[in-house]
């Protein structure tokens, strides 16, 4: 069994590369990028390559370094590559749902990988089935592929097929595709999920987060715009922005929770967004205290921001087990005790007899925060003031996070003060 | 292949528990403790239990969560347990060298696990062979077991056998043993390696670091003294301090590098020791700068200390991939590029145009530090001032770290200023 | 690497069961049946079940006992089950090509498993693609499923859809399908591949060979007729023979090579067919000799028949390694030596100074037979007379065997006497 | 779970090779030999090599082809090799008990592999422990190694040490050892277990059965004599027969059950011994019948012998699943039904309305034979006459077969006629 958490789960990560000079080991670069994007999904990993127009793919359940080995990477030669790491939502854990998804159809072959959530997936699936489609997976990617290939039968270009498909799709989707002779990247018109563009020498790279471009030694250029379609091949890069509205709605959880702090998303440093949220908290919910601590890993940035703004010293009051994230065998006994100490320990020598401000990125179901407050009190903290760097999480978002209903969301059931009492905190901001 | 680093490698971790009331799942508690001690060794893991006087053991290559599963833990029932995680030095990677080591001899059975380095191992091995011993492993543990069992043939008690054995052993050793009717813990007279004692309800626990006692919900009581032998069974705890000199020589790397910051070793918080080292650096090697950053994970504490003392703001300038530590497939290409970006990325938005003080715990071979300085400069840092919280590492220590010769130690070959130039740093402290 | 042979490879095996009383463990029975059909395919195995109208499937590369374990079989509960073992031809080894194939379409769900070879697969695939189909595998099964589901959109019943599909399919196919509320079995109008029907208590069973019905303790009833469609559910069994021509063309290799001797195919015992072939050989190619020996396993039956007819004593002159069939690591050295001794050894004490008649089922590429003659001569045989129980294999058949071109077929390139000389045999019949 | 049988289990197999010219791939040859000896033990496999005086070993649980792969065989370079396949008796399944056993001691290194059963193992173990030995396994091999190395401390040569050790050992043992500069093979003075000598070009080979020498392309020379010690190195072969009594007592089960029919043991073809036993049965327990059938695999030879002597035609009445031997997942349901059909099926078309003589090699616990008789009757046999080619098995032998007590042996509890009735046979011979 796995370490359970009441945090929102991360989303998928995609990466694409096209090397016009055919000098790079594109599969290995993609592997390195998936390693850097691993925080966005740990359930499956896959890489497809285009080798002289033919697509080859390897994908399976597991982390990138479990799915791939030297031999497999060697076999995946080519000058286009497409990679994916996936967080599996309920019912889709099977390896048949791993991406990239590779198909053959009337106009050729296609490999497709995406990050997002198609809201009208069931409706689209029904319509496709009525027209003779048969489905082999539970994955929305299969629907995406069908919509695009069906449109492609009607129109002259893949570009137009994608534009038509975008008219039918509702939801969040950042997609990268390999065709026989090009790589295509696109982002839904709202730009719910990130996707950015970079260069590695003369090669183009596309990634969910800029940290993956850094990891492979490339240069971040810009974000793909909400609604933009980018096509890349020997002739360079072409952009179609006819679906672009000019203003996106990047999911707030990307900045406060999902992304790595060293990524830049839609032009803004994730770290700085979190730092600023911390400063904001200090201004709006300031209180006198001895130290400010952050909940590792994603609360650290905001805690430092809070410290900068308030002048209260930042301290290391919580320490996270470096090996958490790996599976952990649970027993009944552990479950009762909340497992929290296995993951995070309080530093008694730091918090003892102190008035502590603890900054976290979010309260979702409340139990993690409750356990942290308890942990800090047991370690001797005199006061525990909880500060949360995101707004109350009132509605489960349909665009990709894994919260099944409002009932489980603490902010839906209680007022801020009720939540504070439930958490056992002295104040809550 | 694994991610290479020029850091000193961690050492082994041991854990023991005796539950007089037979109500606890001692194997699972030991597993949780090994999970918390995983940073001390990732090459093999093992648990032995004493079930009504009979010893059972399961051990293999891999992390604790790879070696164990629910079924195996269920099978390991008993009321004494002994666990070990191991960092394997060259030539000892094989699973036959995994600990605990379990043997049958004239006076019964014994399971033994240790953390340390026996200096006179080869000499002792030779003497034992002359007396008819045959060896099946390359592990010093087999020598330890032989020495103690041979002595045991001569004297009335295991306690006396251990005292005699300690006279013959030179080196660092923190040992926990299970016999048919007791658990024994001991530490070499110099106390090079840590070992501490705690309670979990009515159960006694022994651990390399106090963080493991915290992780299982227990209370840290005290450290085992250098030279002390502790025997635990139904009659409670007995201590023999006849070999204790009163003053130990805890390996400096435990406080600055090996241990988890939330552990308390020989009465001192690891975090505070590092914080203090940072303050110290600020006093002795102060310089004007815009921000202080720490090298994750073990340089963070000292960086915060430096910030406290100097008043220069602490910032998050380097971000570590949470998934590092897992294996990573390398290619020639990666090796040239030093792989450092796969592990650690610089936060351009934080360091750009800044005068940066970067605090690390140690410079061992120099390449990691060199790469970090380069990374920070590429990210736009105007000045990079390196501050190292440990003294120059001049002599490879024979008591357990994994540096094969002085040639590789940068501090042996150059002066401080030469090192500074080699690292590309503006100043070095 | 695997033990290479120049024998024709076996074909797939299918098995289906419907238990109207819901008292049987249908997944385990199917597993046992696949174990009995394992000689028909060793590359992948799979079982799908229908549990209250929902289909669940587990399939992977490997032998039945590698693919399944107790937990998986437990999870596959239901009262319909469908199993498949597959011999993979070039390019289809991947586990995504494992059967049964499970899909969702407009009219519901379907699991399909088949044994055969669709001759016009490429043409059908092209037509389907033109109508918007996309393909995820290289398997003909995906085409079969598409053809049937497409037809199903036009007509009222699955039965009619299958009849229409059969009009479009050219080739060999014995198919078993699970729908939400029935099991369907069919055989192509030529009946190239076997398929038979039995009962296990009140449960209906369908199997490629009757030995699988025996293995699960059932009773063989009859063969499915060439062109027959059988539908089985709570209302019993319905047969549609409108495509049935009354006369089939069972592949000759089923009787002489693929099938297990204890199976009954199209009303005839495989063993007796082989025995009779042996008698026939004795009559047509009789020669004086001391002993008759058979090449294990499939030449034994005919050798006994030869002995019966000729009166020459049957003897055990060749012994097969029981563990052959499992993978064997090869080196260059082995390849030169033909590996034949690893597989089969000659019994010197039996053949020494004897005139030996050796009976095999077929000569395909010739090297195996050549090596056997050499082996027997080295063991001291004075004369070696080869008798082959099948007619010269002149044309590669397009209906399912794995011989890529006529060039490799020894009987296409040489006369009988040339072959005899090449084989080093004294006579050849 | 595995297919259960009430047959006696096979014993271990050993193989050794010394290549003076250093041109052979000795590890791969040993692997091929273990493949040929696999019928003697399926629980673990191992190979040790001597490379310029240094010993390297790889061993694990599993079949030879599961334990080894190309990379491992490549790593095992050298010009001496020693291999072992093991059937594990209760309590010794663990991989730590796999052989060869490799140790370092005062006089150097030693790899040792053996087939047999040391009767006075517990006594010897006790004496060794009193003298300071500690044991890490439950394996008798560890005792063998200790006895020899201890003796070696007292005397000048390994040869003399082995002679002294043989004085202390009671039981069955065929041993092959690698030292730093020679290979040694020996057989206990009774010669309970087989061991033979051959040549492969200029290389010496030692094997449990001659079929392994055949399999690697070598020539069988002779058997190692009971009590003989053979030493092989650059100077050729030296034999010491001072412990040889001239007359051995080869275990009867070797000829009738354990060995492969193509092996020659103590000068006699196993096949011919079985054939002769069949002729003998026909003479002593002749009866009129229509056909003679053998129980595969080890009853076939005797059935043919019976047929020769009696003139009653030999027929294939029972067919064995080629994949038996691999693991099979059992359920309660299967257990009740005896599983026998999964393993062996009766050929109805052969036995129907016939008077059948069925020849098996032994009746041990009786259930297998009972099930076979039942199977044949269900298949329509009119009369079933059981003929067993070994004498009644009255006493469990202490020298290596795996029958825990006399209670389970059918011949101990009943008279021949009672057994016949229990088996449901018409006659029993």
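As written, the chain order gives the labels A, B, C and D, with residue 1 at the start of each chain.
The criterion applied here is as follows: a residue touches a chain if its C-beta (ideal position, glycine included) is under 8 Å from a C-beta of that chain, and two chains touch if they have at least 3 such contacts.
Predicted model only: the values in this text are computed from it and were never measured.
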* Partner chains shared by subunit B and subunit D (touch criterion as defined above) -> none
* What chain is the most remote from subunit C, judged by the mean position of CA atoms in each chain? -> B
* Asked: When the centre of a chain is set as the mean of its C-alpha atoms, what distance in Å lies between subunit B and subunit C?
  -> 59
* In whole angstrom, what separates the CA-based centres of subunit A and subunit B? -> 34
* Which residue numbers or ranges of subunit C touch two or more of the other chains? -> none
* Every touching chain pair, please? -> A-B, A-C, B-D, C-D
* **Contact footprint of subunit C on subunit D as seen in their complex** => 1, 25, 28, 31-32, 35-36, 38-39, 63, 65, 68-70, 73, 211, 214-217, 260-262, 264, 269, 271-272, 297, 300-301, 304, 308, 313-316, 319, 321-323, 325-329, 331, 333-334, 337, 341-342, 345-350
* To do: Can you check the complex and tell me which residues of subunit C touch subunit A?
  => 96, 101-106, 129-136, 145-146, 149-150, 153
